[in-house]
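Below is one structure, written out as structure tokens; comments come after it.
Chain lettering (A, B, C, D and E) follows the sequence in which the chains are written, and residue indices restart at 1 in each chain.
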């Protein structure tokens, strides 16, 4: 599905309505301007039409068809580039990170963004860029920056969502509320997956930072550095979250052990509290001929009183040594 | 055993039937064409015949004889190369990865593929290449690419098979079905082994990507980059699976601890439920002369009722604190 | 809020009172001197005024607005630099590290320090530098050094505070005082966070050490090396603290296991001590017609004595095998 | 002790009997040939004599005297080299790796091999080389290759021996035969030690592969590459064995936990099975005046039958929930 | 405190008695000779006097004052160097590594060694060097080598002391003697600390090996390589000790679990052994009218015999299944 297709010249959008790909391809070949074509989960026919119109690199098109690529930046002859991005969105209810996929085809005079999955909204990036004619004038690289900036900025709420969940888990385990093992495990799974989406992006971003696009404006280059820096920050945070979660899992295990100790103690205390009077009862259940207590009138009440006293004394004792 | 041996010229296979190695070696020396000879677990005699006909490097031939090599790319004088690959296939029933071994001897005008083990089928690679005359024209390098592409593409189902098994294990441990320790351990073993097959391949693939073959077609080079990228993706996935499995093992340990806590609590609750009425029975088993309850007509039924009441109250209590 | 703004010339402060930013910007453009402007959590208006007056790089200003940046050193055209620092302060009561943030804008003739958070006091750095006219004469780089030196020197008490807490935790767990799991975990969390504040600083510091500032005085360069060295030391210490805390957590788990073993033994010993006399009592509670002991006058006292003897012997036995 | 000392010229051994060191040193100085002197645990006098005759580097000789060096390759002026190797042999009974030590002094026209420990047999290497005049002609480098090849080839049975033991341990722990903790630990110890012997060798081998010997024959260089490749393979295998053993230790811990769970359940089931009839017996041991069952003729047999029924029902119940 | 101060010329010590620093500084400025000044924990005044006399670099002097530096090598203008070393000594009784600190100031014609802490004896290094005029002639670098060699050689007994303690701990835990958790933990602490003293030294030593001192004698360079090699060996050993100790801690945990299993089994066996006869006694304590056994003359002895038989059978049974 074609989401939007615009022709930018002298820092301004030329048409309000989306262009047809063929028209866009023709305009892309004119100098001093560029077209930005956005597609959302295109079917094979649409993709082929676009690939033919813009003469996109064969392997890149095939990659874009299959999805599930790792983030990368590939250059082809004639200043053409293929970029794969993995945008992310945190679903706080399911405590899961949803990943989308964006494939960018960049060439002289055009940027084509093919989006997969919901977590890959790009409209805000386009809108934001259209408000900055000074950047728009810099050509396709500006669009690439706008998209990268959007994707990397969107990592921040993911990282923060995970952070919040980690803090909740910490509260839970140290307040001893239920068993958090499963939750910790799945948070760690998300963190590992997220790292896998961000880390391979750092290499390409550093390439851009150092100037992988040959005819890039030096001012724009510092914009790419800014994006790379934010991605590094996201990755570093996620790495320490991974380490934290490992520690949480270990702390959890230790706390389970502590709790088991406490349970065993409490149980044993109660067992002792009931075993002692049971023993006393057994004693007076013995059938000896001559047991003077048995004949005493006050024998029974006294025995019961002694049992009660034992229970009270033991209970206090176990309270004091904190087994109860 | 010679599986197939074909002579390719101008992007087309010249004969339908397999050539003899000697004939192939002769044709290999002619310019503008190449032969692709496929052998499956050749015996010493066959191997020697081929090595002599094509003048293969001595050490490489010896390596091919012994199998169990690590993936590598070695260059010899006169533009000759020796490549070792470890194709893999996932046996989902046994949850084991089967590894084969492929040795490629590459020289001016020839590619010789020696396969070991079942997990090393190459016929589809040859078939696919024969359908692309534009690639076939590029000479031996195209055959190397076709083989590498097949081997690396076959890693994907392995990685996905392991992924599925990990998810099954996760379901099992969090649903507390049986003990998954052994399964987790052997999955991790497979993952470690698989990483060992893929990781050493990344270096050679990057060499190819950067142009280790001197007279390689630049278009083909981006095909090698594509293969390298898929191998990197397989390896990264496997690395995070390894980390996941470590976490699964830890989570499993924590869950075992949780389960033990629960068992100990349930047992203790039942012990308490039976200990209290037993104690009451002991009390009324005492032989005191004056125990008014004993003489009461309703004494026995009341005692039994009190015991039952204790059992019910304790049972409810333990239900409420979730020990039962 | 403008904290201080001074004009330094020939190694001496020119005015006692703080300058206005506009005045400072004018003076900065004169040669042979520099201004050092300190701001504390400036509001948007103040920040814009300063950015306009000094023509600060757009992206850097935006970063400074958002805070929560990673430590970094960025160079912009015209010898302008942007440095982000994360000063730290250890709050021993809460056992937490408080982080502040300092953004430095450096250009020809000016250093602007924007501070965020309490843990970012810079007045002592300025004071110390003003006492060293020989350094002040070296221009903005000297101010940068003074600030870096202050920030990195302040890491030392943090590291030492954590060290002390680790030693306390060690004492606690080996003396078996309470459960230290939570404390160990949160110490580890602080250590991970602190590493994240210091580690990214090492790269920029090494850049400075090797001479990132083009017109730097070689003598000052060895001052930067000194700072880099202290930062490396802080980071190395923190890394080994992290490893220690992992070991503490493991040792803690082992000790919990040891303690559980001891508790189980003690409980079992007491259970045995009470089970044996209870059994004896049961025996004499049997209703056999012919039990000679029952009729003996001394039967009861002897039975009680035997029970007492059992208790004493068992108690001694369990003491000897160290179960009690 | 001088084991053998031969003079090789034009690819052939010149004498059958071992030469005296002095004679060998004289021959070494002639061009177009080399001597290979093998010593086994020489005493100080022998070593000094050889060092003087061949003018060996002082520090290298001192190192050779002290043994317990790490594998390394050092070059001295005048094309002299000093190589330390750590050959290994697996003692399957003790499950220990025995390490020897070989010091090679290489110079123009001579190779001196000083062996320490039993696990350093070199005779097969010499024999194998003497059968290849084409290699012998290449001078001292060929002897160095022959020795390296022997040492590295001997790593393979070590690695395989450890592999077999790991598989045995896996069988043991998953079949729950005894406690394998100690065996796992000592296997890991061996693996760590073995890695320490192999890993430092990789650097020097790669130096040789890239041509550290200046006047080396390019054909021989591919022989060194082959050795390096085998060493890398041994090291990679050992690294994954180390990781496997860590996982085995963790799996072992989980299985111990599982087993404890099972034991606790079985014990508790039996406790319940006996507690219920005991309770019933206590009930009928009560001394109430009016307990109609007590007077019934069939009372006793019925009571016993009820107890038996309880035991059977409980036993079945615990069988069904798999606690027994 | 000035320990010794000597003037070396033409490989010989010129005076027996220690020189005054000022005299030494004057002699240092003469060519073809050097002075070696040794200070032990100098007070501020002494240090200032020496710093002034030799014109030592300001920052280095300040570092030397504060101690607790990381090992490093810094070069200053005019061929001046500042080296920090952390000598170590193993106190086997306390199982602790004592660290000292040595600061070396090196310049044209002088070496000044400032020692802190007891574990920093340098007299043997000086003595050993004075016995080698051939090395003494090489100037200050020879003194630096002698000191480095002494410090690094002293690491060996530390490493060996730790090795011995690890073996003792292994014996203890596998022979199940007491709880070694605390000892293992503190050994690991020492190992981490020791690594922190040695590892940062490797960089500077490799710089020296590659020729950081510009006018160094090539023969001396191979002496520095020897020292670097010993330091690398110490560090590698310590790294694998660290890994071993981690494994020991894990094995310890597994053994604790095994031991707990055993204790629980033994306890349960004894509980069963006493529960069965207690149950029998309860049965015969029932008050049924018609219990034929009760009236039998042999009833009581038979009942006791049956109880004894139960005990014996159960005991044998538990012995056989190895619970006792």
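Methods note: a residue touches a chain if its C-beta (ideal position, glycine included) is under 8 Å from a C-beta of that chain, and two chains touch if they have at least 3 such contacts.
The shown structure was predicted, so the numbers you read here are calculated from the model rather than taken from an experiment.
S.K.: Chains touching subunit C and subunit D alike, please list them.
M.R.: Expected: E.
S.K.: Do subunit D and subunit E face each other with the same patch, meaning over half of the contact numbers show up on both, or with different patches?
M.R.: Result for this pair: different.
S.K.: In angstrom, rounded to a whole number, how far apart do the mean CA points of subunit A and subunit C lie?
M.R.: For subunit A versus subunit C, the centre distance works out to 25 Å.
S.K.: Mind checking the centre-to-centre distance between subunit B and subunit E? Centres are C-alpha means, answer in whole Å.
M.R.: 41
S.K.: Can you list the residues of subunit A that touch 2 or more other chains?
M.R.: 250, 253, 257, 260, 264, 271, 275, 278, 282, 285-287, 291
S.K.: Classify the chain contact graph as line, ring, star, complete or other.
M.R.: Basically the chains close up into a ring.
S.K.: Should the ring be read from subunit D with subunit E in second place, what is the ordered list of chains?
M.R.: D, E, C, A, B
S.K.: With touch defined as at the start, can you tell me which subunit D residues reach subunit B in the complex?
M.R.: 170, 174, 218, 222-223, 225-226, 229, 232-233, 236-237, 240, 243-244, 247-248, 250-251, 253-255, 257-258, 260-261, 264-265, 268, 271-272, 275-276, 278-279, 282-283, 285-291
S.K.: Can you list the subunit C residues touching subunit A in their complex?
M.R.: So the residues of subunit C in touch with subunit A come to 57, 59, 63, 69-70, 72, 74, 76-77, 179, 181-182, 184-185, 188-189, 192-193, 195-196, 200, 246, 249-250, 252-253, 256-257, 259-260, 263-264, 267, 270-271, 274, 277-278, 281-282, 284-287, 291, 293-297, 299-300, 303-304, 307.
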